[in-house]
Amino acid sequence: MVIVMKEGVSQQEIDFVIEKLHSVGAEAHVSQGEFMTVIGAIGDRENLLQLPFEAYPGVSKVIPVMKAYKMVSREFKPELTSIRVGAVTVGPKTFTIIAGPCSVESEEQVLMAARAARAAGATLFRGGAFKPRTNPYAFQGLGEEGLAILATAREETGLPIVTEVLDVRDIELVYRYADVLQVGARNMQNFLLLKELGFVDKPVLLKRGMSSTIEEMLMAAEYIAKEGNGDIILCERGIRTFETATRNTLDLSAVPYAREMTHLPIIVDPSHATGRRDLIQPLCRASLAVGADGVMVEIHPNPSEALCDGPQSLPLEDFKLLVEDLRPLAEFFKREI
Amino acid sequence: MVIVMKEGVSQQEIDFVIEKLHSVGAEAHVSQGEFMTVIGAIGDRENLLQLPFEAYPGVSKVIPVMKAYKMVSREFKPELTSIRVGAVTVGPKTFTIIAGPCSVESEEQVLMAARAARAAGATLFRGGAFKPRTNPYAFQGLGEEGLAILATAREETGLPIVTEVLDVRDIELVYRYADVLQVGARNMQNFLLLKELGFVDKPVLLKRGMSSTIEEMLMAAEYIAKEGNGDIILCERGIRTFETATRNTLDLSAVPYAREMTHLPIIVDPSHATGRRDLIQPLCRASLAVGADGVMVEIHPNPSEALCDGPQSLPLEDFKLLVEDLRPLAEFFKREI
Amino acid sequence: MVIVMKEGVSQQEIDFVIEKLHSVGAEAHVSQGEFMTVIGAIGDRENLLQLPFEAYPGVSKVIPVMKAYKMVSREFKPELTSIRVGAVTVGPKTFTIIAGPCSVESEEQVLMAARAARAAGATLFRGGAFKPRTNPYAFQGLGEEGLAILATAREETGLPIVTEVLDVRDIELVYRYADVLQVGARNMQNFLLLKELGFVDKPVLLKRGMSSTIEEMLMAAEYIAKEGNGDIILCERGIRTFETATRNTLDLSAVPYAREMTHLPIIVDPSHATGRRDLIQPLCRASLAVGADGVMVEIHPNPSEALCDGPQSLPLEDFKLLVEDLRPLAEFFKREI
Amino acid sequence: MVIVMKEGVSQQEIDFVIEKLHSVGAEAHVSQGEFMTVIGAIGDRENLLQLPFEAYPGVSKVIPVMKAYKMVSREFKPELTSIRVGAVTVGPKTFTIIAGPCSVESEEQVLMAARAARAAGATLFRGGAFKPRTNPYAFQGLGEEGLAILATAREETGLPIVTEVLDVRDIELVYRYADVLQVGARNMQNFLLLKELGFVDKPVLLKRGMSSTIEEMLMAAEYIAKEGNGDIILCERGIRTFETATRNTLDLSAVPYAREMTHLPIIVDPSHATGRRDLIQPLCRASLAVGADGVMVEIHPNPSEALCDGPQSLPLEDFKLLVEDLRPLAEFFKREI
């Protein structure tokens, strides 16, 4: 941690900071110049994070040098993590395609989508039983009935299920049906939900919040990891910007950046990022090329009737073409679909 | 709702949209031109919101004309709402000053802050017992012990308590101690929490999400209102932008804009918006002048020792000066502090 | 300047940085810890800015501690600057109201607006003869004919003229007619234009770029000041964010923040910031309260016929009411309108 | 154009809008419902754009349906444009690699870089002789001397030169030396510069402004095209967002989106987008996969000594590896490097 002092700081103020650092067992290295004084703080991360340096008299700003996450960092575990979901592996050697409708609407819809997903080559199946909707009057999901439908789809197709858990009170319920528990973008900083998922023995798919930095996503993952669950799949799904051509702005730089910072797998969701069906294929290609470990794509037997996110859902036949298109590229990059 | 069709749309595609509109009892008004076809949809809001127009073949875009919120809208209730909290009224005739520390750290700290808040002229007291922290290793709050300390402060000073509820499971607990239940920025779209707070008979203070539009804040408020709890205080607290001089960018235009759209009171939190103590006073003045119904300010007996948000907390004596500074301005605007 | 080295940095890499610092006459203060090495660089600002530290081997990041502007800084000149425009003073004792149409359309339109501006109490008159338009097919201004019309308005009303210069080639021409030369938001980083305006002996009104930080605005002002023209009026006019309720997001925190950093006057343009006539009055009040030295407001004799920015232009009678509304508040804050 | 009227609009207000539409030869299609009235306007784009609908009484909002650009649109010219620069073709069949240093510093530096660019397989060479710098005290380029050095590099290597023109006054000068004239991000809305470049008979490389939408970039290109110069290469180079891990946020969705909207080639600049050398390779791969027509990459013989953008510049040997890495992928996508 680097503590930059204000111009004209007094010796007393400098001593106060030094004393505080000593009080948590940290060392202070003072660089004093004509115009500027800087204190380098060396000590235990967790102890240093407890001190409110910026509120100390004479302090101008504090520059964190150490990362605020540990267990999910590449320093902590240099080799990349592979996560097992049933027979499926999500990690550096595969390119996992997760497909399914935004929301579970009926058994027929889900089974049609799941069969098509399976036939095309998806390895995980997604569908929402609990739907967070900005609009209070929009369809909010079928709840447990939806989960049961997803389980039926798994039984028939063998595809493990990824589904969102919105509420700490539903973790047990979702756990009974799901293979991967998804945390949605709006819940990325629902720290209590994250913490509880840290006690679960199934993988978590953590979506980046729409106004969260990559570093904040890694801190959110740390909330899960520090309770014991290290099976976390990160998901880049676009951030909020001024651009309105796409629903969000997909931040593909986040993939190689996260690859350096963390050992966890990271996938991309071009459907939510763009809200546009016509951009899915080029962005899936780009996700593969940029080094992502997979993609999550919305598909629907009949997008015109979808209760949620129709405009971005691929019809089932288009999904088939998409996977066919991606196969040779995955092979090029030596990733198994 | 206005449905803009793609160039070269077919009659069949137009008919499909019309048929769908009729299926929910809505009318369709078609404007067909050489280059462009537009369908005006007139019907019940909730019915129209169920239809996934953008996924229909031939549809280019859909422009919502009706608002997605109703009960919190000014059309629904033109007169401005005043909310009672004990002896305090939050509304168009007052300028409510909510003060207190970011987090409850000890009885001594809270009592000192509460006495100073009371003496200076604050009418509500705030303090966090449950703290959502981006950093998993930072102080997370004292929990129920913190709530009890807040209750003690209320007993001593008479100031009603505003405190955050982070988790649906804690609503009952927080309800027992709090006078106003706060929903933090990170939970603005925690729809289940909002819904549950709709069944509570105490006011809710709803903070704008850091990447939420004003319209989304109003939809979030609608989640609470539609379950029966109309006592909602909105709070502008800054949005996330590229500017780094302040922690967030305080959006004061949101106050008069919201004033036109909703009858609910709206206050401003300059402490979280800026993260800088030195900007609190001018922004409190501006909040008053722009028409806000109050401000929420962080204060601390000893900011250098604060476990949270020290740099933006006002020392108690500075808070006293702040309120003294605001009194004549409030009088100017005929608002009672 | 603080140079944070990468984990595992070698002594050779540290020495390389130290040597580079010495080569420009700067001192290096090294803080070496178990996990982290930090080098504090003390020396001449301009020399240090020439060194590409971030490209040196072993360097993780560089934290600028000194500001990149000097002459416009409050350290350089602690007392606030007042700028004379004819008989008008822009500075800490006045609240300058600049009014006028977005663009000069005709002599009649301009004279009507100027007379109304004068009668209501505006002290400067604005109007665009050269218009930067995003849309290549929109009205681009009357050019010199427009400037001549503005001069006629000045002759009749006595109000000094503020008008935009878009192009270095037009500086001489605009200089002949204008009293204050405006640099628009799109040109805030047109460094050659800024530099040339540094040689002019009339004041410059510099608008903040729509995606520029406050610091970048101050660096842009420094471009003008360092060539010799210190008469610069800064103007906050909203930044680009995800919020679409207003055209831009007015950043009123920028006013007190800039007040600490620079001695230059700063005004606010609520018309361009919001694009909404109904928000002008509350935001003018807020600008006054937050400490701005003035506002710039668009007015038009007939907004329905305006060739530019009609929706945000105030009709002349509304402008009269606006100034009447602001007078007592200006008096409250001891500023002369 | 769709004009949405306010609730409670009067017949007189509706008639006013209709009359205005008729006055420019446009048709009005009125959809009148219980809660809402909508007027579809059908007529000539340029005529309609002159009317300030939003300023008319009773108008709530105006939704542009037609695009504000024409000549650069895909509707105007469905087949993709290929642009010739000497022996080089930029377009759908090639993947153009433009390489070179951020700024021209010396003949030696430029010749080393140009030889390495040529040897590795770059087809165009870039280098800045005029540098727009946020910081007024930073190195601003060598000017004409720099242009002459670039010409020497072309002579030696045969690589055509891409270089930025900052100022209308320099167009002739830059034209004499350059093969492609670059418009930088800060000048994307310098409409006079764009217009003048419309009269030039050499290609223009137009970089997206850091806070410009894709649509605004296309309107900027239209400024050039409408004066007669249709040889425009678009360049995505990242937009400004809250994320600080990268210098800007590279918006790769812009590439396939622009591909649908315009026939012009579009390339990607990962160096300026990210500011990080370590992300160049994955993002070049992603650019290729997403359908870009090329990339622009900063290289330097000695990044530690670069006067500009060292941290994002690739050493020459790394650039060689980059091109080697991209060759098989380009072949996969049937694009010639």
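For the reader, a short list of remarks on this structure follows.
The letters A, B, C and D name the chains in turn, as written, and every chain counts its residues from 1.
One rule holds for everything that comes next: contacts are C-beta pairs under 8 Å (C-beta built on N, C-alpha and C of every residue); 3 or more make two chains touch, one makes a residue touch a chain.
On a predicted model such as this, the values are computed, not experimentally measured, just so you know.
The set of chains in contact with subunit B as well as subunit C comprises A, D.
Contact count check for C-D and A-C (C-beta pairs in contact): higher for C-D. Computed from the mean C-alpha positions, the centre of subunit A lies at a distance of 39 Å from the centre of subunit C. Centre-to-centre separation between subunit C and subunit D, using Cα means, comes to 26 Å. Annotation for subunit A: residues touching 2 or more other chains are 211, 240-242, 244. Against subunit B, the residues of subunit C that register as touching in their complex are 211, 213-215, 239, 241-246, 249-257, 260, 273-274, 276, 278-279, 282-283, 285-291, 328-329, 332.
Of all the residues in subunit C, the ones that touch subunit A in their complex are 2, 4, 7, 27, 29-36, 38, 40, 42, 60, 63, 65-66, 75, 240-242, 244. Touching subunit B in their complex are the following residues of subunit A: 16, 45-46, 49-50, 52, 54-57, 68-69, 132-140, 166-169, 186-187, 189-192, 209-211, 216, 219, 222-223, 226, 240, 303-311, 313.
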